[in-house]
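To start, the structure under review is shown below, and the notes come after it.
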Amino acid sequence: MTETAPVITVSNLIKQFGRFAALRGVTAEFSAGKLYAILGDNGAGKTTLLRTLAGLNRPTSGQITILGAQKFGDICHQVGYMAHSSLLYDEMSGRENLDYFARLYGISESARCTQAIRAVGLDPDLRRPVGQYSQGMRQRMSLARALFNDPKILLLDEPFSNVDIHSATGMVHLLANIRDQGKTIFVVTHQASLLDGTADEFIWMEAGQIVARTLDLQQTARTT
Amino acid sequence: MPAPTGIMPATLRKDLRLEWRSKDAINSMLFFSLLVVVVFSFSFDPNAEESRRIAGGLIWVAFLFAAVVALNQTWAREIRNQVLDAYRVSPAPANSLFLAKAIGNFIFVSVLEALMTPLFVIFYQLRPLGPTWQLLIVAALGTWALVVNGTFFAAMSLRTRSREIMLPLLLFPISIPALLAMVQATANVLTGGGARVWIALLLSYDLVFTTACLLLFETVLNAE
Amino acid sequence: MNKAFPILGILTALLLSYALYQALDVAPTEQTMGDVQRIFYYHVPSAWTAFILFTVNFVASLVYLFRRNPASDIVALVSAEVGVVFCTIVLVTGPIWARPVWGIWWTWDMRLTSTLVLWLIYISYLVLRRFSSSGETPILAATLAIFGALCVPFVYFSIWFFRTQHPQPVIGGGGSIDPRMLHVLLINWLAFSCFALLICWSRYRLEELQREVEQAHALESLTQSPRSSR
Amino acid sequence: MPAPTGIMPATLRKDLRLEWRSKDAINSMLFFSLLVVVVFSFSFDPNAEESRRIAGGLIWVAFLFAAVVALNQTWAREIRNQVLDAYRVSPAPANSLFLAKAIGNFIFVSVLEALMTPLFVIFYQLRPLGPTWQLLIVAALGTWALVVNGTFFAAMSLRTRSREIMLPLLLFPISIPALLAMVQATANVLTGGGARVWIALLLSYDLVFTTACLLLFETVLNAE
Amino acid sequence: MTETAPVITVSNLIKQFGRFAALRGVTAEFSAGKLYAILGDNGAGKTTLLRTLAGLNRPTSGQITILGAQKFGDICHQVGYMAHSSLLYDEMSGRENLDYFARLYGISESARCTQAIRAVGLDPDLRRPVGQYSQGMRQRMSLARALFNDPKILLLDEPFSNVDIHSATGMVHLLANIRDQGKTIFVVTHQASLLDGTADEFIWMEAGQIVARTLDLQQTARTT
């Protein structure tokens, strides 16, 4: 395989919350068409890293280059972001939610939304408002929200939590497919074994730093 | 970047739909202003010429407070599942969100005004002696003045502790000139004078602050 | 800082005491109001100083929005704080003066009202800074400062129209001013401005140091052994 | 069952602490009351003899507004992470929660009243001609009347199922007698009359509705 | 092992949300001192079952007997419940939260709270408010909240989601210990493998019904 140019370059990223530094100098390059699994203990700074990549946190210092752009605003329509919270309106159905968000991305064919909902294994015709979904259904709808605009980069914060094992495996296949279309995917998760064999690289974080990058899960070159 | 056309209407439609489903804002506004009307009509025997003098103040104070309650409600919806983050990572311009919210709130408050004004007229036996059409202009301009700043400051107060109480703290001082203009204009028309000066003042207030809001809203929305 | 600051301090002290002497002793006694009028020499310079500081706040906020440099944020904060203090002095000396002269503490005269509104606006600015939970309070504050400044002309106009319909309260009519009074007034104003500058300066230093301390703490948590900091 | 003593005080203390956390709570309340009074003075152009008649109404409307803001805020806290569920599964009696909330709001609104009243007196140059001590009783009883029903209905509006019946049209008629009594009593005392009848009315209103709330709150809290 | 009397008996439990039946006739007995793992796809009704056992949902029809009582209120102090949401006040530290909830259970020794926080692997002296915890830290604090009153029955809804693998294993050990003290534990989870070897019984749910109960994970006697 030829070495592709990095799609994301992060150099010496520091993020402070008041007196507390959640990211303590993260430097890394990520290349296109790969699925990265980000692992690490609670409080290691995984969410903070993802939010900073998604332009939701402004770094205290350090540089981020995504798809050649320094400003997140220039490439935001090529990024999909899924968070712990659902980022959905509880009072509307999943379909209505996606239709609305599609408008924000300038997408008007509703086929894309239907497709995204199907892809995560939900029924596009479900009329129930999202507030009444079960936790895992909400999680999947949230993934659909991150997917529907066919982004080049996907940032997923614990997509498998609360999702049943079948669906989680389904999601992994889905992600693998998307990766094979040349997209770059970041998955923060505590269920690393789900991604064993699928992820191209495992990135181990600890106390705000990347402490190791390994090609497979067994080779846990952890320093602790 | 995708064409941002239609984002504002889509957001507005979404807001109206959510409000229609929950009726949070309109219920609390209605309740509050009903109480105000009744309380005042009890607290003094309205006799035509006196009540005419006082009604301008009464009506607008009631609407101002009702608007504060409504504004808090409509923004609360956006932070429930951190949906605002979904907006922030999307390519949709911040101003579309702002305009949609402002217009939505304008509609809510106008509906309230349309419902309440007849009650005021009945309870206080009002009959404008001046040109009535000017009252309509005053109402439209005045409501916009309240709502445009209110929307802006409500977005700002999302970022503060105890946000409910923050909104009036920020909004009231800056609204004082507009409020004064509305009250005076209304009183003048009711007691038989004209209100051209005040309308001009309101118009320029609206122009200046709408411009300022549109210029600065992006900064506020993207602050962490 | 180290050298200039004490010099400014001494200068201010001298100026203030000279101005006090001038105001209490040298300036002529006003005919109708008597000695109460001497509060004038505190009332008016405070008002002018406050206005200047609010202008500084506006400019600094604008600069901050464009440049995002911490220094102008600190200037904005400090000028608003000190400005509010001087504005409070106006709002306190005014009623003290009004009580014996007009017989009431407060009236909705144009100048009084607009000062009050100005004061309210800048208090809300400080409240926002205090209550913000955002990591980027300065940006929010700068925006509010600009709104506040935009509001000022409207306050003046609206109250002007409001009050032209009613007779002005007592003060009216005061055309020219005794040149000796003017002289004393200007000296007082100079003293007040120096005083304001002095406070702003030290407050600026304090704020700067405070931020340095925060920074040092964060740096410490950066270099600390990562495990224990969790 | 464990002794439920101390639950009410503990809850109250927790509420006050949360309120206090937003450190300068009192300062912001002081500022809030100042703003409300100033907004009123702009709208009503106080002059002594007229203002004394309407001051009763003005004051109570201002307090009503403050109460609405406070009530929304204190309950919002309880549903944020569904903490209310934690209360519901605990052996703590529902009424302890209700009383704590009501008392907390009572304290909050009373502090505001204590701050606002002097401002009203100064700005409107009020001087009660009747017995002042009666005003204190009216204030206490009236505030409790506002707060006890307000707390109850705010709780009701949280539970989605009961929201429909919480239509303002229902709450509204219930609150009118109390408001009427407060306003009339205040106006009477200010203009030189006594207010014994109204005090008696308020007292019985308070008794009846406190009892009703205590009896019914458990049902409301445990509605799904 | 002698067969112990069932601590929980559920017979023909049906729970409808409007037209949708989330539980469709659940009948089961559970005995003391066992750890039950409840497994099933998203939307199978696991959360609904747990909430119904915890008295938060009222069954549409059917009977529940817990610890010999028909009314949940009689035994609620012997039940610990942990939900998807944290059930904690974001503005208070973990310690302050537990101290408050302890009061609701009539517990005044704060040693119990310290112990519970230690048990889940957090630092009892952490002063940061819960709102600033990372997702996994919050989850553990939430478990501590369910544990501190030393309940006879523990209902845990996805306690391991968002928790890192070390801590999750730690939690499993903790639960095993508690079980060995004779407590009954229900764990809803999608990470069944974590409980392999620890859970006494696996309960498989599907579409609102219990479709199988197996003694170990491999023996997946699933009917689908």
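We just call them A, B, C, D and E in the order they show up, numbering each chain from 1.
One rule holds for everything that comes next: contacts are C-beta pairs under 8 Å (C-beta built on N, C-alpha and C of every residue); 3 or more make two chains touch, one makes a residue touch a chain.
All values reported here derive from a predicted model rather than from experimental measurement.
Touching subunit A and subunit E at once is no chain at all. Comparing the CA-atom centres of all chains against that of subunit C, the greatest distance is found for E. Placing every chain at the mean of its C-alpha atoms, the farthest one from subunit B is found to be E.
The greater number of contacting C-beta pairs, out of the two interfaces C-D and B-C, is seen for B-C. Our note on geometry: subunit B versus subunit D, Cα centroid distance of 25 Å, whole angstroms. Work out the mean CA point of subunit A and of subunit D, and you get 47 Å between them.
One simple way to say how far apart two chains are is to compare their mean CA positions; for subunit A and subunit B this gives 39 Å. Chain contacts: subunit E has no residue touching two or more partner chains. The set of subunit D residues that touch two or more partner chains comprises 21-22, 28, 31, 35, 38, 45. Residue positions 117, 120, 123-124, 127, 131, 135-136 of subunit C are each in touch with at least two other chains.
Applying the touch definition to every pair of chains gives A-B, A-C, A-E, B-C, B-D, C-D, D-E.
Partner subunit C is touched in their complex by these residues of subunit D: 22-24, 27-28, 31, 34-35, 38, 41, 45, 122-123, 125.
The touching residues of subunit B, counted against subunit A in their complex, run 1-7, 10-11, 14, 17-18, 21-22, 77, 80-83, 85-92, 224.
Remark: subunit A residues 14, 16-21, 24-25, 43, 57-58, 60, 206-209, 224 touch subunit C in the complex. Residues 54-58, 73, 76-77, 79, 81, 83, 85-92, 96, 100-101, 103-108, 129, 145 of subunit A are the ones touching subunit B in the complex. Subunit B makes touch with subunit D in their complex at residues 22, 27-28, 30-32, 34-36, 38-40, 42-44, 50, 54, 56-58, 60-61, 64-65, 68-69, 72, 76, 161-162, 164-166, 168-169, 172-173, 176, 179-180, 183.
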